[in-house]
Amino acid sequence: MAIVETRAVTKVFKAGTLGAVNDVDLRTEEGEFLVFLGPSGSGKTTLLRMIAGLEVPTSGEILIGGEVVNDLTPRERRIAMVFQSYALYPHLSVYKNIAFPLKAQAVPKDQHRKKVEWAAGLLGIGHLLERKPRELSGGERQRVAVARAIVREPSVFLLDEPLSNLDAKLRASARAELEQFHRRVGTTTIYVTHDQVEAMAMGDRVVVLHKGVVRQIGTPKQVYDDPADTFVATFLGSPPMNLLENGGLIVGFRPEHVVPVALAPSAALKLELKIHNVEYLGSEWIVYGKPEGDRAPDKMVISRLPTADLEIGTRHTFAVAEHHLRFFDKATEKRAPARALSWP
Amino acid sequence: MARRRGQDRALSRRIGRGLVIAFFMVFLGFPFYWMLITIFKQNADLYETENNPFIFNASPTLENLRLLFYETGFVRWLGNTALVGILVVGITLVLALPAAYSLARLTGKWGGRLGILIFLTYLVPPTLLFIPLSRIVALLGLQDSIWSLVIVYPSFTIPFSIWLLMGFFKSIPRELEDAAMVDGLTRFGAFIKLVVPMSTSGILTVVIFTFTLVTQEFVYALTFISPESHQMLSVGVPTYLILGDVYFWGSLMGGCLIASVPIALVYNLFLDRFIAGFTVGAVK
Amino acid sequence: MAVTGAPRARKRGKRSSGFGLGVAMFLPAVVYVLLLVAVPFGMAFFYAFSDARIGSGGEHFVGFDNFASVLENPTFRKALGNSFIFTISSQVLVLIGSTALALALKDKFRGRGFVRFLILLPWVAPISLGAIGWKWILDSIYSVVNWVLIAVHLVKPFDKPMWLGQPSLAMISVIVVHTWRLLPFSTVILLAGLTAIPRDIPEAAAVDGAGFWRTLFEITLPMLRPILNVAMLFGIVFTFTDMIVVYVLTAGGPYDSTQVLPSLAFFTGIQGSDLAAGAAISLFLVPLLVIVALLMLRVAHRAEVT
């Protein structure tokens, strides 16, 4: 087990253009499950590939277990990686796929079967060892890829969107399995995803990336409840955080905190909304309303309610408790301290 | 330490790659470089074994090219090859286009199997057929005429063209023809007015490959045609630029290079399609 | 039932209405090719069992006489052996060389397009002309190869190798020139196979701890096998049935040391006017072609299945 650390890591693919990864500093804890979260093109995969040794950083240092590994090949870094496509070797059986890292790292041959069976057993694929990858379902392939990664007992475990090729139902169960699995082996794990649900559910901490820059590092609760800037505020949460401009400030609040005024405490921001659309999603209602007056013209405020019996076109008063309000600087879009609002 | 090691490894990888490429560039490219040098050398320079052959020991000359163009059948052969090429391209397109379309679309599952059979005829070499064909050509009274080649060459250009075009037609969505037929065209009308115009790049590929196959062919041209003036380039240059024991090396090399490079340039543009035609689906 | 029946019925209807047109579009090409491939192919068998000669009419059936006399002919036996030496040696060289070259050309670098063009030249240029270029390079008096060897004192000026004039050297020369000719073809096919391997796979091998050679022999080459098979099958046909390199470089000499089946068939059947014997010799190409065709069908079938 080891700690992974990056120091001012930058990757520029084409000289003169903006880097894919810019000046990233981060440090995992021992045995932590760290998630890189960001939209496509945010640099999360590039960052992971640099840690794996598949890309060379333009500048900065990468440390694994306290040692600078910039110029070590992937094999010398003692890491394991699961690829988005799983990258199973199509011509080898499942057994040989899992045994490949053992062979490549010159583990004595008499230990292979025991180790392969251990890894396969851990993932419940012991009965598939003689199959070829093309004879497996998507979920089984994913397990083989994970088994191949853990069989050599790596010091760091890297996963690049390992669930994105599975259908929605399978994804939920595979996610739970991966979580359990991590709890059992306790290896330091870095997990890349663009799916906020995966990030929130699995991560000990989440690193939110955008355009190659780290926007925030924190526990799922921190990044959701206290976003560091407007990007994090809107990227996490579905529907995203409402943002309204007010002077030099942007005021943000989550849709689930927009409630009928009767349910709100007295210290609350009141909003007069004209109902524009209502969507019924079974467990909840999504209400789209336009603020009345000149508070935020043309801006839609979204509310998530357990029940909502609202006619489109009617006007209602909603409120957001003051302790649910988050403030951002309008110029920098960074988090700003709470202050009194000056709405008319 | 670690940094140095990583850089060494990357460097040695690059040097290894450079050496491999350099070796094969010399091996594969040298004959053409040598042709180029030889063309412009004076005979006195060429035929003096003491001279360093890599440099011009006497001033460069255009005499070899003049000889090639004005005193040999070279221009004639160029013309013959071009004429045969154009006619064979015509015959190939007229027969291969509908056949490929029919195989790709109309005859269903059997289309694929027949297609592979057609492809296999490409494996039947001229060296197996030239003896009977020489008899057939004689029976038709076509010996020593380039018409014999015009008739025989499509027998190997058609199969390969059908194979190439089949892949091409399969990539055109069926819905387009269905739409055209709903709009009032017949199936054949849809083929002529819609599919053929949409396939210009596929047709161009067939034109190029048919033409190169014609210029490369040697065995039939050697077997069917003897008079110098009726020769094709591939046979004329190596046969008639040699008088008994006398080789006109400078002119010979000129003929080789002039006939090779333009074909190579065009061919290069269509390489990827050509590969797709050859790999029988083993690459996806 | 009605729901599943309807589309099937429609499909059948469509096929029968298009079937006649399909045949009409397909038939001319098939007839043309059959007339010029299948008919002469059959005639080759017919001649091989007859006493046909150029200039004489009226053949007679002579049974296996031609095969018997051909098999007794030492030149034929020599040519048969040479054909295998020629094919196997050049194929081995081509496969090793083209694999190395394709691996070197796999990644993008500056000037790759130009290198590819240059490397392709031997395949694209008419082979009879390329072979003439080699004839000049290997000339008995003016060979540049010998000049270089003398200049670096590897051979003595009065004891120069006669590349095309000494039996074993002539065979080596013919093999090398044919390797030269086929290498580009095999390289571009392998290159297509290499680029079709997803980038993830070699990367996964690197992360798993495999070095360059292990990745090459345990991952890359096994994954390339189907396409290597295609390149090799074509290479075998192109080499085994080729007479151009031999015809231009050595005309089968010296003392038939480079004579191969196709060139012998030509010299016997066309230049020697003995069509029957020529046809009998060329028929010895058929068994190998049949084997290659069957293997090719297997490759095509596998490609369809997976």
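The letters A, B and C name the chains in turn, as written, and every chain counts its residues from 1.
Simple rule for what comes next: a residue touches a chain if its C-beta (ideal position, glycine included) is under 8 Å from a C-beta of that chain, and two chains touch if they have at least 3 such contacts.
Keep in mind the model is a prediction, meaning the values are calculated, not measured.
Undergrad: Among the chains in this structure, which pair is joined by the largest number of C-beta pairs in contact?
TA: Greatest count of contact pairs is found between chains B-C.
Undergrad: Using mean Cα positions as chain centres, tell me which chain lies farthest from subunit C.
TA: Farthest from subunit C by mean C-alpha position: A.
Undergrad: Would you kindly tell me how far, in whole Å, the mean C-alpha position of subunit C lies from that of subunit A?
TA: So the centroids are 55 Å from each other.
Undergrad: Go ahead and note the Å separation of the Cα centroids belonging to subunit B and subunit C.
TA: Centre-to-centre distance between subunit B and subunit C: 15 Å.
Undergrad: Of all residues in subunit A, which are in touch with two or more distinct other chains?
TA: Where subunit A meets two or more other chains at a single residue, that happens at 73.
Undergrad: Considering the complex alone, what residue numbers of subunit C touch subunit B?
TA: Per the stated touch rule, the residues are 15, 18-19, 21-23, 25-26, 28-30, 32-33, 36-37, 39-41, 43-44, 46-47, 52, 54, 97, 100-101, 103-105, 107, 115-122, 124-134, 136-137, 141-142, 144, 147, 180, 183-184, 188-189, 192-193, 196, 212, 226-227, 229-230, 234, 237, 241-244, 247-248, 261-262, 265-266, 269-270, 275, 278-279, 282-283, 285-286, 289, 292-293, 296-297, 299-300, 302-304.
Undergrad: Please give the residue numbers of subunit B that touch subunit C in the complex, ascending.
TA: Interface residues on the subunit B side: 13, 17, 20-21, 24-25, 27-32, 34-35, 38, 46-47, 49, 52-54, 95-96, 98-99, 101-103, 105-108, 112, 114, 116, 118, 120-121, 123-136, 151-152, 154-155, 158-159, 162, 187-188, 191, 212, 215-216, 218-219, 222-223, 233-235, 237-238, 247, 249, 252-253, 255-256, 259-261, 263-265, 267-268, 271-272, 275-276, 278-284.
Undergrad: Of all residues in subunit C, which touch subunit A in the complex?
TA: Residues in contact with subunit A: 198, 200-201, 203-211, 214, 218-219, 222-223, 225, 306.
Undergrad: Where on subunit A does subunit C make contact in their complex?
TA: Going through subunit A, the ones touching subunit C are 52-54, 73-75, 79-81, 83-85, 87, 89-92, 100-101, 104-105, 134, 148, 152.
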